[in-house]
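Below you'll find a set of structures to go through.
Both complexes below contain subunit A, partnered by subunit B and then by subunit C.
For the complex of A and B:
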């Protein structure tokens, strides 16, 4: 086994082409290997010291988050909190301070877990992953990237360099809410992200995506008929019903399928409510889970 | 040595790396799959860092990497090549305990003591980035550290007292 510490994207890509696997924070890769999920790859390339992957930049039209940006940075970065609040909500829920210090957005995305927390926020914001290999650069939507639990459509020689997210115009707001049994070191029982735009109190766009209720993170379809309405209880009810309808949850140690199907409706409605309140200018601190009192009280 | 050199030519299974621990640099040859916790304990001989769950759950193995807490049981030593590591042995100033250590003792925040080194490292990093944390912020700062003995209240008190003490000084 070897581990090479790469200092440039080109160096990392060359190593991937010769069969190495990337390691960023290692919080999925190393922990998974130690739990016996998959052995550590024979050749590793550490990508956490590549300056380009730690860049977080923005223009009027888009935000570009380097794949190596950590959860700790996402949850405190002013631009992310302002423009892409749901991503900050999600990053703030990941593991513990130690997990968030080294765990990266790229690692979360490329690990492809259906319970990953940044996935639903990225979907509702229309993010795309930029993948680079010796053959060039391409972009894929999140929906095209995730193909099954722990499975992605990216090739082994492709490095995710960044996540590119449209800026979202005036009147937009977003939120990510997850059901958790405790307030740290937890995995989503279910989760929901919403991004909405309001104009004069009327809904002009709405996207909602769901965590841990299907083999991949899914977006709720057919919400366009809700556009033009007010962000009221009828809207919450309609989103909750659609979420329950389109979820295909499983039963496991953490929850039954029935419980997941019920609670995904609750979480989706709460995410839409929080997103709409943020869109209307209300300041709800990150993560929104805390002000909703989710997770055991002290 | 060059941080990008993949392994020492003499041993195909191990890599030559430099770990700077509490200010002292240790050249060590480690198998790539070795975790930092075991290298600190067996190669460098610093057994203050504990292995509890060995599964990234309990925080007994918490050390600082360039000042930020990491779970050393689940971090490859080779990935820490050339970086600064701080362990619990690095907190005291000679015979003088760090105020966090003194206060966790006097508050009764140590029973079996197995969680204590990890708690101290998380608390140290917290006070470094946030010198005046609220009790809620202390809870979040220590949320990756489990204690099976004390019930946490005395540990929270010790961290809070330390913050007050350090800010008053």
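For the complex of A and C:
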């Protein structure tokens, strides 16, 4: 096995084109190899020391998060907490302190797990992944990137360099909540992210995405009829019903499909509630799970 | 005498363990060492029709491959001799060892083990406790009646062991009850999960064998090696480096003989290091699954007139040490209450699952969870406060236990009052929310005593070494044994070194099992230290021209009582003696209480009367997320009667660890099986231990009653007792919040959610006594 430590994106891309696989935090790749899911690739290119990938920049209209930005940074970064709160909520729930210190957003995205925590927040915020290869740079939406459990539409010679997220307007708020059986070292049983915009107490936009209830993270469709309403219990009920209706959960060790279908409604409603409260100016500290006792009462 | 005024001091092994300097068995590397891998059955029940090791033998780097054919023809002599070191003809659980390979690297060893060809005629797997007892069930052991047994073993077909407790005429008494409450409780199997997966390094020098191993019980390990490999005791030495936890999972002997046999064939040292997966599936130590069917008859005033119960306990495929489980579980189902007439029958049942064995307070957390849930259900049926119901029925000093034992001074009631008052005070300060409740559970546990020995040496520099048969597996031998010696000798405990386990140098002892370290080794350490103290007094008396009985030992100096100014240092006294001072102690087993003839134990394993019983009360403050069923435990208030407390810091540590383990058993820890008996969650992602982020605040008080005829200074054990009552307390709080009883353990979020949508109440029958 060879391991090359790349110092630039161009160098990394060249190595990918010759068959190497990228490694940053290694929290999926190495753990997966140890568990026997897949052997370590023969050629690895380490991308954790490429400065460009660790950049987190913003303009008035968008935020650019380098693929190498860690979860630990996302959960504490002032701009992310202010502008993309759901991502901070999700990053704060990932694994353990050790996982969050080395695990990266780009790694999370390109691993393509339907149970990943940062995925649903990225969807509801309309994020796009920037993929670079020798052929150039392209952007794909999250919905286009994830094609199945652990499957992505990116080619092997493409490197995810950043996630680009539109800045929410005034009156916007977001939240990610998940069902968890314990408070650390947990994987989402189900989870939900919501992003909403309020104007004069009335809903002007709403997006909700669901974790671990389908082969990929899915966005709930047909929520536009809720626009113009108040962020009240009726809204929560409608979102919960839509989530249960559109989820296609499986039964596994963590939960039965029946329980997942029930709890995805609970999580979706709670995510919308927390997002709307944030949109209305309420300060709910990151992560919502701890602040509101979601997944376990206070 | 209480020692709690002696300042507690921190663990001597702490810095090494947290800094990574500590050396565990897996850290050992010997010259020329090969690495072991096992080939497991994988099939839970099957007859071996082909076993071909030649593909493994042919692999480059493989130095030894052994099977049943390569070791002495011995059936292991647990209470039922039902297995061989390596599978013979039939495999009976997925983790049974069929063959072992030694190779120059662990990777080659694993590849070679995988290359061994084994074909089975698959046999029907026995996985259901109740079905296993049916007339038509396949047998886990076809020739069970040919197995040798020891002691009073009652068995039949798939019943590995049956015990019954009888007192009075339970049926007649039940008919006199005003109300009969009955219910069923089902507990899943769970695991000890020590942080260190087990490891063994075996090395032969000529015909002498040295085994480094991660065992809690080195002398048991030595016995098993000698028995199975037909070696004299004098040629086998077992050494235990730092031990990364055990929780009972490393009691008994496990793979030491396999690796020793492999090293003999390989003609070089061999090392085995388990993966986490192997740690889950292979050892004969998991916490047994259990069914408890119980009915209790009570009077309207809360008097219990009768209890009848049947227990089904999953033994798994082979007998580890579980023959005492049925009787011990039956005692827990009788409970620390005045229960009138009793008829409790318990079956330990063979299945095609991993063998069960002693894990921290075996049988007690599940049985206690069942019976304390049941106790709250009785109180509800009587419309009586559960605390008051317990207060009226708990055993007190002078009372008679389930099988007729008369209790010396005990603190069960004090535990109830202290723990409930503590929890209530907290709830007064921070009122319970609408989704919160307090739940109460009592627990109890016997004290296990055996003979033990200790050596003590005071060196010329005034430091002391203690050599015992004890083992430090996290229970605090490094604290309490040194506390005792320090107090006898009048020196700082930091001057005392505990020599870790080595069967070649230490007197035989029970190791770290059954809460026995302080209780048994402590008694021996006390006597050995007293012998050195007596020598110091003699030497000092001579020097200070006083009588030995007037000599006071303190701060590593001897002086005459009332005249501390004129003193002589211990170092000087040892020098005057011309040789280091030695203490050698061997202490006998205390006498166990006798049972009267008014009660009957069938399948008696010595559990009908308990030496120095320990009592506890746990009160849990629990919050429930009703929409999801997720339960959080925010506070646990405990009170423990474990006799005199020797090291308060260590005692709190034991209780806190026991409580957190109890929270896990209550809520998240349960082994899931497929239909054939394979574990589905044999890993730490899906077998969910509690983390420190989940830990409740734990408030502990000790009821210190110096208990005669038990451990040193009136101490009882304390390692297992804190693991008994927590799940019951959580269950009772949970039932109060949701108004339904969760009848399966662990009470997972999904089970709680389902309980809220279905009526799972117990059956309450009002009986007309007019």
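Operating definition for what follows: the second predicted complex is superposed on the first by the 293 of 298 C-alpha atoms of A that agree within 3 Å, B and C clash if a C-alpha of one lies under 4 Å from a C-alpha of the other, contacts with A are read in each partner's own complex, and residues count from 1 in each chain.
The rule we apply is simple: a contact is a pair of C-beta atoms (placed from the backbone, for glycine too) under 8 Å apart; a residue touches a chain by one contact, two chains touch by 3 or more.
What you see is a predicted model, and the numbers here were worked out from it, not measured in a lab.
J.: Applying the document's definition of touch, where does A:185 land relative to subunit B and subunit C: first, second, both, or neither?
T.: Touch status of A:185: both partners.
J.: Tell me which partner A:293 touches in the superposition: subunit B (first), subunit C (second), both or neither.
T.: After superposing on A, A:293 lies in contact with subunit C but is clear of subunit B.
J.: By residue count, which of the two partners contacts subunit A more extensively, subunit B or subunit C?
T.: Tallying touched residues of subunit A, the top partner is B.
J.: Quick check for you: in the superposed arrangement, does A:23 touch first (subunit B), second (subunit C), both or neither?
T.: Only subunit B; A:23 stays clear of subunit C.
J.: Touch check for A:116: first (subunit B), second (subunit C), both, or neither?
T.: Once the two structures are laid over each other on A, A:116 reaches no partner at all.
J.: A:206 contacts which: subunit B (first), subunit C (second), both, neither?
T.: neither
J.: Between subunit B and subunit C, whom does A:263 touch in the aligned arrangement: first, second, both, or neither?
T.: second
J.: First (subunit B), second (subunit C), both or neither: which does A:53 touch?
T.: Neither partner.
J.: With both complexes overlaid on chain A, does A:3 touch subunit B (first), subunit C (second), both or neither?
T.: First partner only.
J.: For A:65 in the superposed arrangement: first (subunit B), second (subunit C), both or neither?
T.: After superposition on chain A, A:65 lies in contact with neither partner.
J.: Across the two complexes, what residues of subunit A are contacted by subunit B and by subunit C?
T.: The overlap between the subunit B and subunit C interfaces on subunit A comprises residues 35, 183-185, 298.
J.: Which residues of subunit B touch subunit A once you look at their complex with the stated criterion?
T.: 3-4, 6-7, 13, 15, 31-33, 35, 54-57, 59, 62, 65, 68-71, 73-76, 78-79, 81-82, 122, 125-126, 139-141, 143-145
J.: Note which residues of subunit C are touching subunit A in the complex, please.
T.: By the definition above, subunit C touches subunit A via 433, 435-436, 623-628, 630-632, 667-668, 672, 680-681, 683-686, 688, 690-694, 748-750, 753-754.
J.: Per the contact definition, I'd like the list of subunit A residues that touch subunit C in the complex.
T.: Listed in rising order, the residues are 35, 179-185, 187, 253-256, 259, 262-263, 266, 293-298.
J.: For the complex, give me every residue of subunit A touching subunit B.
T.: Per the touch definition, subunit A meets subunit B at residues 1-7, 11, 23, 26-27, 30-31, 33-35, 40, 44, 46, 48, 72, 95-99, 101-102, 183-185, 298.
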